[in-house]
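In the two complexes that follow, chain A is the common piece, with chain B as its partner first and chain C second.
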Partner chain A sequence: MVFHSLRVVVAAAKFNLIITLRFFSGTAIALRLFAPIMTLGSAWVLYNQIYRGALTPEFGTLDYLSFITIGNAFYVFVFAAAFVVGRVMFWERATGTIEATFMTPMNRLAYMAGIMVAAAINSLIDFAAVFIIGILFGFHATSFNVLLFLASMFLTALALFGVGLIVNAVTLTLRDRTTTANTLMILFLVFSGLVCPIELMPQWAQTISKALPLTYGLKVMRASLLGTATFDLVYELATLSVIGAIYICVGALTLKLIERNLKKRALFSVF
Partner chain B sequence: MRGYSSAVEARELSRDYISARRNRFVGRKRTTVVKALDNVSFEIQEGELFGLLGPNGAGKTTTVKILCTLLEPTGGHAFVKGYDVVKEAKHVRSIVNMVAGGERMLYYRLTGRENLTYFADLYDVPRKEVSSRVNKLLELVGLSERGNDEVEKYSKGMKQRLQICRGLINDPEVLFLDEPTLGLDVNIAKDIRRFIREEIVREQGKTVLLTTHYMYEAEEMCDRVGFLNNGRLVAVGQPEELKRKTPSGFSVELMVIRLTDDAFEGLKLLKNVTKVIATEYVGETEGEKIDRLIINVESDKAVPAVLDYMSAKHCRVVSVNLRGPTLEDLFMFYTGET
Partner chain C sequence: MFLRTVLAEARKNIKQYFFTARALFWALALPLGNGLYLYFLYLPFGSRTVNLEFTSRVFTLDLAGFTLIGQLLYSFFTMMLLAGVAFDAERWQGTLESVLLSPANRIAILLGMALANTLSYVWLLMGVMFSWVMFLNVSVVISDLPALLASVLLSYLSLVALGMSLEAFCIHSRRAHMYVNMLQEPIMFLSGLIFPLQSMPEALLPISYLLPLTFGLISVRLTLLGGASIFDVAIPLTILGIMIIIFTASAVWLVGYAERNAKAKATLTQF
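For the complex of A and B:
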């Protein structure tokens, strides 16, 4: 049972990476670099030309480009972890492979985990690219706490995996992945403190941000690279772990319910 | 393994499809219930090739999807090797597989070999056996040389053959074949039929449920058949047994030139003619179209009267073929389809 699940994780990751690598091209890489260049370029213009380098103390740093570079890198990671998983069933249904795949006795969570592993590995290119482009715009890491860095990545990835499982239900119900993904990405972008500290937001917005795992992961990652540990790090990591566990439990239940619903409503092959 | 009497058993299986539609953007939804399966019961014995026949929309695919755990019934129960397909779906999944004609069910960006290896992993096929099993299956369907090509480069027939390999990758005890030769070239379809009959059923002893609306396919392959019509199982048995029981008598197949509506209608009134069940345009000769008629008659003595009548109506009969009932006749008899 456990060995089969591990085998499914490896197989799903391996074959999804094969598909990605087989159709890898220079154009695809160029397109993937375009978004971070534009985002960080816009941030550079805003920070240097409009706000003239002025930051409030809530940022925890005077280096906005480093602040936004880390946020942007995490954003790329979120996309891979949460939204690639979130559209798995939609994609399988669109390509006509969902019945063949879900007819097997594999563990569904293991399958989703394998897809996320592939997506996360694939996203490392974008993740690294954001930091490299960030350096060109002025990113400067004042410290590098490897343990904190990896902990933030790992725990956030786990929590986002749970989010992705829930997103599957939304994409399948709405029969749309683009609108769903864009809406949720905006939610994460605005409320997780990617572009500005959540302390600057209204109280109601801060309440939303507390429910998003990215908020905590981002704080830990910024602390690992910028040394801005002005908060209780243990509390942040513990909260991230608890939220992650809740999201995974809800996600696993949602996945079970989606499959049941597809079987009940005869929607496995309907697209 | 628990005890069971049949490899596959359906007990009063029902399935409703509910569609809801709103007339305008707002307002109450109107729901329509379509009974795709209505109290269907049948059994398939170990090592048997059972054909489920019926016109489009009869409920064949619905039955297959319930049996391979992709769809839940709204009523009744189904068992595969004694396992309940709803309550023990995971057990069922490990011992069955399904191949559907006209469906994709393969990853086009992976090679044939990668597809099979991937599904072998998902089915937890013993690691030591994966490579040899993949090679053997590719060889069986004649795809060994193209196994390392991406599936998107395959022809339709090659994709279908690879689908059959996918269907056999977990060495299933029960195999569901839903229109496996749909849209394939005659030669490829013939190869696939031979492969299913000789290799999968005779050599490997697997239980197979085949759905098709090609009657010659069912006649050539099946040990027993069941006719589904409007979600109801209207007859089950061995083809020969059903032919004996069915009062369709003899059939006269006529190829006719210059068939008129008047002549066609008049045929039905002739003595000893029980049914004129089909008329279709089948081709042209000397610039005139040829129609095909299948006329059910009570005895072969009615044939001269039919020919005299056609002559009197100035219809030129190109060929006459007298034959006993076929599965096609049974299909028409039980489903009312032409």
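For the complex of A and C:
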């Protein structure tokens, strides 16, 4: 059973990577990098031209431009990886393959995991590109804790896999490709602490950010690259793991229930 | 006849794109989220005001208002950009030939598309304004109401004229969607939406001055938040007036040229 699921993961990942290579577009990659370049450029102007390096004391001793670069690089990875999973079933339906996919005896989660793996490999290009661009704007890592770095990426990816499963279920029910995924994307973009520590945000915004896995993942990744590892990190890692487990359980359950409902009502390929 | 075409085209576009509650929600979520993102970008600097220099005077504006006005005008600008792909949408739906075979005035069609986007913008404007005043206590300083009204009206008309011009331009291209997406991020950076124009690198300023959004942002921000009079914003208002004439004239010429050219080469519906 485990071996079969592993084969599904590898096959789904391979199939998706082949498609990505076949339809590779330099313009599309450039378009994906526009938003982080704009944010880094704007942060550079704010920091160097307008406020001349003066930050509020609550910001702490972190390097501002490195803070922003890490936030953006991680977000690009998240966006490219998690939201591909969220739209899998929509595209299966749109291309007329959803019935065939659901008729196979494969594990659904393994199939989704395979797609996530392919998307994650693909998004590593963006991830690395943002760091390279960040160096031009003033990014410099003061340390590199490999274990923490990998833990932040792996645990956040797991949690976001759960989010992707939930989005998939919603997409299957509402037949909507963009609204759900884009609203979630905005939530992550605004409330995860990409451009400012969540402690500086208004209280109501902090409440939202505490429910997002990216918030914790970002803290761990910043700690791994900016040398700010403290005892609090144990809390961040534990919370990230718990949130990830909750999201995956909810996502798997929702997907199962919705699959059953769609089969019962024969609504799989109906638009 | 002209008016009927405008209304019919507007009605068609509203029905096609803004008929679901989800679409309305998304229309609200995106600018709200983007505005908050820009607001949070300023939080590490601790300042709640932004200094906007114009014609050797310095206006101190409320930060929340500064980002709010920026996001509202930018959202309208994006809507006009998206209206620009309306002819492209007609092409892939297979209805472009029918539209252009009808005796309807082409400018009336363009105006109808722009009107549909404008109407959906009213929803966005009310929703975003209400949320910001509720959550972030935006403070407004108006000392010259006619100046504010002139700023809003001229900004609006110049963006509609630009949208019409883009619509006409997009008939020439089969990659209109991609171009429109590519334009969004650089325009966000160059127009002074994120930070005041006086901080823009000098080499980029000539490009900023080609955008109606730049002058719209200056005049609306100064009259709504900085208490500027009509004399303070006379220059941007005059430039906006000139842009309205230029973009409208270019829209009329471009749409005629595109139609003649496509008919002569029989490339109207070819991809």
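By our rule, the second predicted complex is superposed on the first by the 256 of 271 C-alpha atoms of A that agree within 3 Å, B and C clash if a C-alpha of one lies under 4 Å from a C-alpha of the other, contacts with A are read in each partner's own complex, and residues count from 1 in each chain.
Everything below uses one rule, namely that contacts are C-beta pairs under 8 Å (C-beta built on N, C-alpha and C of every residue); 3 or more make two chains touch, one makes a residue touch a chain.
Everything quoted here is computed from the prediction, not taken from an experiment.
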Checklist entry - Which one hits more chain A residues, chain B or chain C? => result C
Item to check | Partner chain in contact with A:Ile121 - chain B first, chain C second, else both or neither | outcome: neither
Next on the checklist: Touch test for A:His4: chain B only (first), chain C only (second), both, or neither?
Outcome noted: first
Next on the checklist: Per the contact definition in the header, classify A:Trp204: touching chain B only (first), chain C only (second), both, or neither.
Outcome noted: second
Item to check | chain B versus chain C as contact partner of A:Ala100, first or second or both or neither | outcome: first
Next on the checklist: Taking the superposition on A as described, I'd like to know which of chain B and chain C A:Lys263 touches: first, second, both or neither.
Outcome noted: first
Checklist entry - Is A:Ile19 in contact with chain B, with chain C, with both, or with neither (first, second, both, neither)? => result first
Next on the checklist: Help me check something: in the complex, which residues belonging to chain B touch chain A?
Outcome noted: 15, 17, 65, 68-72, 90-91, 93-94, 96-98, 100, 103-110, 114, 118-119, 121-124, 150, 166, 170
Checklist entry - Which of the residues in chain C come into contact with chain A in the complex? => result 22-23, 25-26, 29-30, 33-34, 36-37, 40-47, 135-136, 178, 181-182, 184-186, 188-189, 194-196, 199-201
Next on the checklist: If we count contacts the way the header does, which residues on chain A are in touch with chain B in the complex?
Outcome noted: 4, 7-8, 10-11, 15, 18-19, 22-23, 95-97, 99-106, 111, 260, 263-264, 266, 268-269
Next on the checklist: Which stretch or stretches of chain A touch chain C in the complex?
Outcome noted: 27, 31, 34-35, 37-39, 41-43, 45-46, 49-51, 54-59, 64, 67, 174, 176, 178-179, 182-183, 186-187, 189-190, 194-197, 200-202, 204-205
